[in-house]
Every structure is written in structure tokens, then in C-alpha cells.
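Next come two complexes built around subunit A: one with subunit B, the other with subunit C.
Here is the complex of A and B:
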């Protein structure tokens, strides 16, 4: 049984062993990352984004046996995502085929996606209460009043809780001697 | 040497990667079941005109045999997989 803190390589090993829950865990760990590359790195049109997203995970599942270093699952998935985005963009009739190559990618945006995954990995190491409040405020765009009501907290404390949790997140990120992104890259 | 993280940047980076729609993740997480369902469909025999009329039944049956509840999202994902096979 995998714990919430299972490493990428532990999850991949469990997937290889046919553990369906592990595959689900892997998808949930990298779904934001894959979508980030699709949306920010290649600006795949919204009507194509879901197809590309599904295709990436189908290919990954089918080719998991080709992955040589289980710790490198992030960069490996990124490679599949990049190639799948390019293939999809090439099939769009309104795009000149020859104009699409690796330079199509917005490298600055892809770097930001990597940094965002660093932050996501650090967020997962914070206490659950902090994860919850930061997710709700920054990712779900919930107002203070809604967060307070749904979490049963005094409305006046939400801003300070968010600030404290951001400080913890910062410490978590800066406290690591060798920052390694969730996608396996060293920053 | 890495640059320090500002709170504003942290907020921007948190907001940058929202969770995909739940149905997307559910379908992607079901990849092993979809593979099994495709195998079940193969075992169930070729699709002829009559069977096509009962495609939904076939997809549901295949997904159940693969061990998952045949939600609309999974039927859609399976149909997508069959289109590329």
C-alpha cells in the first residue's frame, strides 16, 4: 500500500506491478503538470486539450515498460506531452505544417510550469490544513467568506492563515539543500 | 544559487496549475481498465451492424468485465480509445 508521501519511483514500481491504485496516484500526481505543459507551454486550443491530455496518459501507460529510470517519470511524461502537443498542433488545418517544431514551445512558460511543480511538491509536504486553505484561495479562487464558512473558521482569520501557510511553503521550498522539482529536475 | 521565493510569486505559481476537470483525471486514471475493456470487446467478437446498435451495452459490459463502473466519462474515454485502435 502506497502512502501519501510515496516517491515517484515507488509509485512507478507499483504501477509496473499492476497496482491500479498506484496508476491513479500517478495520474493525480502529474495531471496538473501535463495540463500545464499543454496549456502554457504549447497553448493547445481548449477544444483539443482534453484529447491531448488523455492521449498522454494512454501512451504513458502503454510505454511504462520503456522507462529506464523510475525517478525520471516527470521528465519522461513531459517528453511524451511535448511530442503529443506538437503532433496535435500539426494536424490542425489552420496551422502550416512546416512552421511547427520544438521552437513552437514557449520555453519561458515551460520553465514556469516546472517552478509551479516545485511549489506543488512542497505544498504536498505541508500540513493538510495549509494545503486546503492555499488550494481553495489560489487554485479554486474562493473568497475569504466562503473559505471561512466551509472550513468553519472565523472570517477575520483567513488572510492571516493564508499568509502563515505561504510562509511555511516558502520555508519548505528554501529549506531544501538541493531543490529538485517534482518533475525530477534540479533547479 | 536559487532566487528566493516571494509570496506573490508563490501565489501566482499555485494558481498556474489548477486541477484538471475531475472527469479528465478519472478517465486517465482508468487507462488500465480501458485496456482491459478493449481486450474484452475483442473477445466479445467483431462489431457488426446489429451489434453497433447495442454499442452502449457492449461498452458497459466491457467496462464491467474490466472491473469498473461504466460512467458516461469512461464510456466516452473507451469510445475514444476504440477510435484510435
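Here is the complex of A and C:
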């Protein structure tokens, strides 16, 4: 049974072993990443974005055996997503096919997607209490009072707790390795 | 919109902009004061960790005034048309908008209190003032939420009151620093 803090390589290994829950976990871990590349990196039209998203994960499922380094699942998925986006865009536009290449990507947007993924990975390494409080405040826009009430914490302590958790997140981010980015380059 | 233009529109007999917009403007001013105090006190150390929260609340506040005004106008239109389904939907959306405003106001008040605890003492009166302004905005939002409720037992009434109470407690603490 995979825990919430399972590493990418543990999830990939479980997928290889045929664990369907692990595949679901993998999709959940990378769905925003893949969608970010599709929508923001390549600006695939909304009516095509869902199809491209499905196609990426179908290809990934079929080709998982080709992945040589399980820790590199993120960049590997990014590569499949980039190629799938370009293929889809080539079928839609009237302009010459040759004009659509890697330059089509919005590099700044891809960097942002990559940064968000780094933050997400660092967040998963924090204590569960920190993950919860940061997600409630920054992702779900919950007011301090609601967080305090639902977590049974003193009302005047939430801002300070968030500050402490942010400090831990900063340490995690500064300590991370330099991965291969969604744009395909080592940063 | 310039302040002069806003006050002119606010004074006009049309139903909007009205108290929801006024509360939002007051809240924006309160948050601006918090930003000023943080800037005057330096962005490092404990203050730096609060800066991310200030930014998050600022992002949340963007568009809230328009949302409050638009949903209130839609609810009024539905009431005028006598469409029961539209009334239910319109009033519900207006209520959600002011509840959200109450939550943001309570957060600005609490952020102002936290900033007042840590800031340069010279800037502390501005932080306390920000907390008081935000508490006023929360009280207005909670009052509007109470008026919008179709059923008195709606749990959202309790939520709105709790948010206004939390904001008032933050303001009292900030003013006591």
C-alpha cells in the first residue's frame, strides 16, 4: 500500500507491478503538471486539451516499460506531453507544418509549471499538518477562522503556523536537486 | 475607478454600488496599509513569511467588489421579475459573495494583527488601523449576509457572524499593541 508521501519511483514501481491504485496515484500526482504544459505551455485550445490529456496518459501507460529511470517520470511525461501537444496543434492550424516546433512553447509558462511542480513535490515532503494548513490557505482560499475551527486549533495561531510551515517549505525547496525541466533542459 | 467617481456613484439613487462595494474598498485600503507596514519594517525574518500570506489574500480580494456588486444586482433583478428559481439562485450567489468577502476581511484583520506584533514600532499604528478597518468591512459583510438569508436557520449566518467576531477580536488585539 502506497502512502501519501510515496516517492515518484515507488509509485512507478507499483505501476509496473500492475497496481491499479498506483496508476491512479500517478495520474493524480501529475495531472496538474501535464495540464499545465498543455494549457499554458502550448496553449492547446480548451476543446482539444482534454483529448491531449487523455492521450498523454494512454501513451504513458502503454510505454511505461520504456522508462529507464523511474525517478525521471516527471520529465518523461513532460516529453510525451510536448510531442502530443505539437502533433495536435499541427492538425489544427492552417499555417505550414514546419512553423510549429519546440519554439511554439511558451518557455516562461513552462518554467512556471515546472516551478509549481517543484513546490508540490517539496510540499509532499513536509509534515502532514503543514501540508494540510498550507493547502487550505493557499490552494483552497480558506480563511484563518475556518482553518482554526476545522482543525481544532487556537484562532490566533494560524498565521504563525503558516509562516513556520512556509519556512520549512523554503528549506525543502532550497535543498532540492536540479531536475530536468518540462522544457527539456537541465536548469 | 477614482475615489471621486466612486463616491459620486455611491451617492446616486441607483441600488448599486452600495454597502458591499464600500466594504470592499475599505478592505482594499486596509490591505494597502498592511503592505505599507511590511514594506517599512523590512521583508526579512518573520515579516517575510507573512508577505506570502499578504500576497495570497491580495489575490483573493481581486474582483471581490465586482462580484459582490454583480451578484447583488442579479438578485435584485430576479426579485423584480418574481422568478422564484432565479431568486433562489441569485440570493444564494449574493450570499456566497458577501460570505467570501467576510472571510477575506477577517484574514486581513488577522494579518494586520500579526504584522502589528512584529513590525517596526513606528509603523504599528498603521497596522492597528488596518485591523480596525478590516474588522469594519467584515462586520458589514456579515450584516449583508444576514439580510440575504432566505432561511434564518441557514448555517451560513453562523459562519458570517463567526468571521466578523474573529475580525473584531483581531482588531481589538491589534489596537491594544
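Going forward, the second predicted complex is superposed on the first by the 158 of 187 C-alpha atoms of A that agree within 3 Å, B and C clash if a C-alpha of one lies under 4 Å from a C-alpha of the other, contacts with A are read in each partner's own complex, and residues count from 1 in each chain.
Here is the rule we go by: a contact is a pair of C-beta atoms (placed from the backbone, for glycine too) under 8 Å apart; a residue touches a chain by one contact, two chains touch by 3 or more.
These numbers come from a predicted model, not from an experiment.
Engineer: Counting residues of subunit A in contact, which comes out ahead: subunit B or subunit C?
Structural biologist: If we count touched residues of subunit A for both partners, the winner is B.
Engineer: Using the touch definition from the top, say if A:174 reaches subunit B (first), subunit C (second), both or neither.
Structural biologist: The answer is first: A:174 touches subunit B but not subunit C.
Engineer: According to the stated criteria, A:107 is in contact with first (subunit B), second (subunit C), both, or neither; which is it?
Structural biologist: After superposition on chain A, A:107 lies in contact with neither partner.
Engineer: Based on the superposed arrangement, let me know which partner A:166 touches: subunit B (first), subunit C (second), both, or neither?
Structural biologist: Both partners, subunit B and subunit C.
Engineer: Kindly classify A:150 by the partners it touches after superposition: subunit B alone (first), subunit C alone (second), both, or neither?
Structural biologist: Neither subunit B nor subunit C is touched by A:150.
Engineer: Considering only touches as defined above, state whether A:54 meets subunit B (first), subunit C (second), both or neither.
Structural biologist: Once the two structures are laid over each other on A, A:54 reaches subunit B alone.
Engineer: Given the touch rule stated above, what does A:138 touch, subunit B (first), subunit C (second), both, or neither?
Structural biologist: A:138: touches subunit B and subunit C.
Engineer: Which residues form the common part of the subunit A surface touched by subunit B and by subunit C?
Structural biologist: In subunit A, positions 138, 141, 163, 166-167 sit in both the subunit B and subunit C interfaces.
Engineer: Quick check on the complex: what are the subunit C residues that touch subunit A?
Structural biologist: Residue list for subunit C touching subunit A: 46, 49-50, 52-53, 56, 60, 103-104, 106-107, 110-111, 113-114, 159, 162-163, 166, 169-170, 173.
Engineer: Provide the residue numbers of subunit A that touch subunit C in the complex, in ascending order.
Structural biologist: For this pair, the touching residues of subunit A are 137-138, 141-146, 149, 155-156, 158-160, 162-164, 166-167.
Engineer: Could you list, by residue number, the parts of subunit B that touch subunit A in their complex?
Structural biologist: Those residues of subunit B that touch subunit A are 2, 4-5, 7, 10-11, 13-21, 24-25, 27-29, 31-35, 77, 80-81.
Engineer: Quick one: which bits of subunit A touch subunit B in the complex? Just the residue numbers, please.
Structural biologist: Residue list for subunit A touching subunit B: 18, 20, 23-24, 27-28, 31-33, 35-36, 40, 50-51, 53-54, 57-58, 61-62, 112-113, 115-117, 119-120, 123, 134-135, 138-141, 163, 166-167, 169-170, 173-174, 179, 187.
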